[in-house]
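In what follows, chain A forms one complex with chain B and a second complex with chain C.
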Partner chain A sequence: MLILKYLFYIFVFPGFLFCFFAGLILAGIDRKIVARMQKRIGPPILQPFYDFFKLMGKETIIPNSAAKRTFIAAPVAGLISLVTISLFIPIFKFSAFNAVADVIVIIYLLTIPAVSLIIGGSSSGSPYAGVGISREMVSIVSYELPLIIALLAVGKKAGMAVNDGMVTFSLSKIVEYQSLKGPMLFHWSMIPAFLAMLFVIPCEVGSLPFDIAEAEVEICEGPLVEYSGFPLGIYKLNYALKIFIFSSLFVTLFLSGNGTGIILFDAAIQYVLCIIVVILSVSLIRAVTARLRVEQMLKFYWTYPTALSILSLILVWLGL
Partner chain B sequence: MMQHYPVLSIIILFLGAFLNALFGGKSSIVRNIITFLSTGTSFLLILLLIKPIMLEGKVISYWMGNWIPVSDWAIGIGLEVDQLSLFFALLVSFTVFLSGIYSFKYMENDDTLDKYYVLYLMLSGGVMGFVLSGDIFNMFVMIEIFTFAAVALTAFRNYIEGALEAAFKYIVIGSIGSSFILAGTTLLYAQLHTLNMAQIAALMHKNYTPITLFSLGLMFTGYAVKSFIVPCHAAAPDAYMTAPSSISMLFSGMVNKAGVYGMIRLLYMLFQSINLPSMQILIIILGTITMFIGVTMALIQNDFKRLLAFHSISQIGYVITGIGLSTALGITGGLYHALNHTLFKGLLFLCAGAVFYSVGTTDLNKLGGLAKKMPHTALIFLIGAFSISGLPPFNGFVSKWLIYQSAYEEGFVIVTIIALLVSVLTLASFIKVTQSVFFGQLSKECENAKEVPIGMRIPMWIMAFMCFITGILPQYVTKYLITPAVSATLNIGKYIDAMLKDGYAEKYFKETVPVPNINYKLAGYWRPEYYLILFIIILLAFTLTVLAGGIDVNRRSIVSKEIEDYKYDTFYSGEKSEYSQVGGADLFWGLKYDFRKYFNFMHSAHSGVVNDYTLWIISTAAIVIAYIFLLVP
Partner chain C sequence: MFKKIIEKSFEKSPWLFHINAGSCNACDIEFVATLTPRYDAERFGFKLTGTPRHADIIVVSGPVTEQSKDRVIRTIAQVPNPKVIVALGSCPASGNIFAGSYSVLHTLDYYVPVDVYVPGCSPKPEAIIDGLYKAVEILKNKRRDNK
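Moving on, here comes the complex of A and B:
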């Protein structure tokens, strides 16, 4: 029975199937909203599904110069780690694997999809992929610094109240804190960290203006240049899942709380909040900006978002 | 019988060295048998000690030549093996054993191999003697033995460009370090008239004179040089790069661990009552600088082994930071990371050696596309790279996580942030290596590369397996290896009493010696077996989906047969590949451009002039001594 329960968690909710639908619909909503902002009609909301299933049916071409097993395995590894993360993010008070939800684990697991993109791209042997992965690497280094500091600030804030003044890295403790004291966002010392995290999302998922790694017009989608068919479909799915999981993590960190107690409603509320976060941080910025250069991106992330999250950390440390 | 095991495990290594000097020139079989037997026996003896020491908590003391103390005053040379010594001895003997097996194939094309094995066993015996010794002068002697063996081994392949220069740097810098340690030892002897570590610890308890404090500064700097902490690191990259890979593995796996061990003994044993929290800040600053400078220097390297050397420096920074935190959790993290560093860095150096063996160069610009030629090495390298970058579920994650947590708990937020950032940069740097060595385009030099022989792959696989095991079973590793070592580090009363006699520590401490209570509350949870189960279930599901034929993965193309069809060529915008203008060689352009001032400064600072490096060490010594006198009450 227990095994069945865990299998349900892993494959249906909040694991694979839930993420699959939630992520692809979220990606569709994002595309639709951007199109409307740019006065286009835009694709139907279900377009990412059509894209995904079409790619699944296409022939997979693996170039001769590729390290073949790595080439196929890399996207799957990325997907696995994304599904794994989805199990650890609490949806209000519900979480599938309560004991292991830990912020630092999630930081590291979140780098695995990026690493899988890099490894897959580099295994293809294409020089365009070489350029792409170098940019992807710089983008990891860029967003990781503000992300870490913001997460530490959240951990400290929650830990001071519910963990005897010690820091906590446990996501369920962070949720517990929010159910006692209201969402993190309503504590004014956390607002800078909140803003910093809003900036981190588009870079983490790789959307404009931070999609330097996959710049289509310059380097032909960089790491994805040699991909086709099944693995390309998995990468597109990874992109959609990343949007969903990262916005969900964001909601858990800043907007969580008691919830209604009924999982279905909680999941729905979480999802609506995710959509709002994505519209704010991904769609809005994507609709109005053009792509940055590599060194501009690093400079941007290591100044403004970092400064904001440091400000939060200092405020929290002072007990405000 | 058991109390003879430590001394035997040291002597057998030296005996192997002498036998090799006598008979090793005859044939390679004799040489290999002698080396295998001596390192294997030494490893076995140390393994046999696990049960009594780690599990039952005994401390073995042994007086050489039965020169037992006369009226409570130590005269002879004593060996003392507590859990901490045994922990390091395990690292040493394990590394030595695997490196020996690896050497048999790896070194087969070199000449004067009898001398190689003599030096190799001297190096091993030196470090082994160092970690098992209970006598500070004996420790100094062992340092001299292993330093000089290390210098000679650095220059062993003297046909490699820069090998002699590296050896010269190492001998100058290493000798300065040794001199500091000798000077410190002498001063302590002049003050206390004994060289036995346990006795010094008892006599010096809360009884410091300016001279003993001065000696602390000297010895601390000396051990910092031995463990290559920034700014005393300058000899390391050259030495690691030019030494044969089997030796580079020993350097990073045990020689700089010897320095760490010396530092732990110095701070937690000899000067244990000096009020460690005040030394804490100095050590943590040094550790943090070490990890940051190590990793940033690694980013700009173009040689595989040199890059690994800088990473080695950076990882030692983590160990030092963990130890400097002086909480049980911090020391646990530090020692765990020391264990992990030995495993993954040894593994990575072996991979570099495998690449050198097959291709003949470790220049990153000349390598490329080796994953097709050497799939095993590529896979093993990826395991090592993920371990050092701390990706779960490999071992680097566990220890780094302990260090972040303990630093954050002690209020060193900046240290946690820098440590996390360094971890990301480490990952970035290893992606560069992966891309330019194993993936990417197949380079001209690599066209004739072959997978390395099985004799070299076995040690690599063992190391990779250990990386995985220590990653997924951290609670057992902690319970049976790390926690005993941590409690031994903090429980000095037991150490003193075991060496001299019961109640000795209490007599000099003039109070009951507190027995440390090791329990820590973790701020988060780390249960790797969950991840493992998850990964396996999900992987199974995907394999099933793929096998069921729901998705056509085009099995034909997984067969490595090359197909002549332009469809399977790489895309070059319609150009022929030789005319393609897409470069992308410099993976860190954005990073380097934004921090060009920093990188230019670091570049000019590492001038390659030994005088400069000497100056750095002397300045460090001055700063450490000034710090101790000004800030430590």
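Moving on, here comes the complex of A and C:
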């Protein structure tokens, strides 16, 4: 019975199927909103589904110079790690596997999709992919610093109240704190960390001002240049899942709380908050900006978002 | 069930790849105009991709010159099946004003099978969207016949 429950968790509700639909619809909403902001009609909201299923029906070409097994396995590894994260993120008070993972595991697992892009790109043997993966590495280095400092600030803030003043990395503790004292966002010392995390989302998912790794006009989509058919579809799915999972993590860290107690309502509220976060941080920025250069991105992330999250960390450490 | 979904998806999500085989740039500008907010080809799911591996519809503009012949053939060979080739403008169809030039060899259909011709020098964005939509129908039929 317990195994059945876990299988349900993994494959249906917070796991694969839920993520599949939630992520692709979220990506569709993002595309539609950007189109409306640019005075276009835009693709239908189901467009990412069409893209995904079309790629499933296309021929898969594996180049002669590619390492065949790595080439196919890399996107699947990224997908599996993303589904795994979804099991660890609490939806208000409900979470599938609670005690076994904390924020540090999630940070590691969040890096794997980017690493899978790097491995897949480097196994394809294309020079464009080579340029793309070096850029992808720079983007990992740039967003990771403000992200971790912001998470430290969140952990310290929650730990002050529920963990005897020690930093806590347990997501259930952070949710518990928020159900006691209200969402993190309403504590003014957390607002700089909140803004820093908002800036981290577009880089993490690789949307427009920071999509230097997959720049389609300069380096032919970078690591994805040789991909076609099934593995490309999985990469497109990974992109959609990344948007959903990172915004879901964001909601859990900053906007969580007591919830209603009924899982269905909680999931719906979480999803609506995810849509709002994505519109704010991904769609709005994507609609009005052009692509940055590599060093501009690194410079941006290591100054403003890092400074904001350090400010938040100092404020929390002072007990404000 | 999946077969039906995939067939419908081919209709809804055709990705484009643009090859300039020696065009004077006029067709290219009109082609880019179809993707801009005014004509917005994205509402039909058209998307311009950066690499031939992602493409379903290959749009070729310009006469096939001696320099570009090999590159056009090789690029089109890299596109995964099913694929549709669209000849944009009069140049790839007939050579247009460049016909008989020392560097222009043949029409495009001498080298690769062309499915849709969009005539004009240069064609209007409306005509291009119409041509692309015909290409989508052919793409769907190709998918149905192969599987």
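Everything below uses one rule, namely that the second predicted complex is superposed on the first by the 319 of 320 C-alpha atoms of A that agree within 3 Å, B and C clash if a C-alpha of one lies under 4 Å from a C-alpha of the other, contacts with A are read in each partner's own complex, and residues count from 1 in each chain.
Just so it is clear, contacts are C-beta pairs under 8 Å (C-beta built on N, C-alpha and C of every residue); 3 or more make two chains touch, one makes a residue touch a chain.
Predicted, not measured: the structure shown is a model, and the values here were computed from it.
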### Query
Is A:94 contacted by the first partner chain B, the second partner chain C, both or neither?
neither
### Query
If you count the residues of chain A that each partner touches, which comes out higher, chain B or chain C?
B
### Message
Which partner chains sit in contact with A:229 here, chain B, chain C, both or neither? Use first/second/both/neither.
### Response
both
### Message
Which partner chains sit in contact with A:49 here, chain B, chain C, both or neither? Use first/second/both/neither.
### Response
second
### Query
In the superposed arrangement, does A:80 touch chain B (first), chain C (second), both or neither?
first
### Task
Return first, second, both or neither, reflecting whether A:304 touches chain B, chain C, both chains, or no partner chain.
neither
### Message
Quick one: is A:59 in contact with chain B, with chain C, with both, or with neither? Answer first, second, both or neither.
### Response
both
### Task
For A:217, select first, second, both or neither according to whether it touches chain B, chain C, the two together, or no partner.
second
### Query
Where on chain A do the contacts from chain B and from chain C line up?
56, 59-61, 128, 219-220, 225-226, 229
### Summary
Seen from chain B, its contact residues with chain A in the complex are 369, 371-372, 375, 378, 382, 390-392, 397, 401, 404-405, 408-409, 413, 416-417, 420-421, 424-425, 427-428, 431-432, 434-435, 438-442, 521, 523-527, 530-531, 534-535, 537-539, 541-542, 551-554, 557-558, 560, 562-563, 567-573, 580, 582-591, 593-594
### Task
Write out the stretch or stretches of chain A touching chain C in their complex.
35, 38-44, 47, 49-54, 56-61, 128, 215-217, 219-221, 224-229, 232
### Message
With touch defined as at the start, can you tell me which chain C residues reach chain A in the complex?
### Response
2, 5-10, 12-13, 37, 40, 42-45, 48-51, 53-54, 56, 78, 80-82, 143, 147
### Message
Per the contact definition, I'd like the list of chain A residues that touch chain B in the complex.
### Response
7, 10-11, 16, 56, 59-65, 67-70, 72, 76, 79-80, 83-84, 87, 97, 99-105, 107-109, 111-112, 115, 118-119, 122-128, 130-131, 133-135, 137-138, 140-141, 144-145, 148-149, 152, 155-156, 159, 163, 166-170, 219-220, 225-226, 229-230, 293-295, 297-299, 302, 313, 317
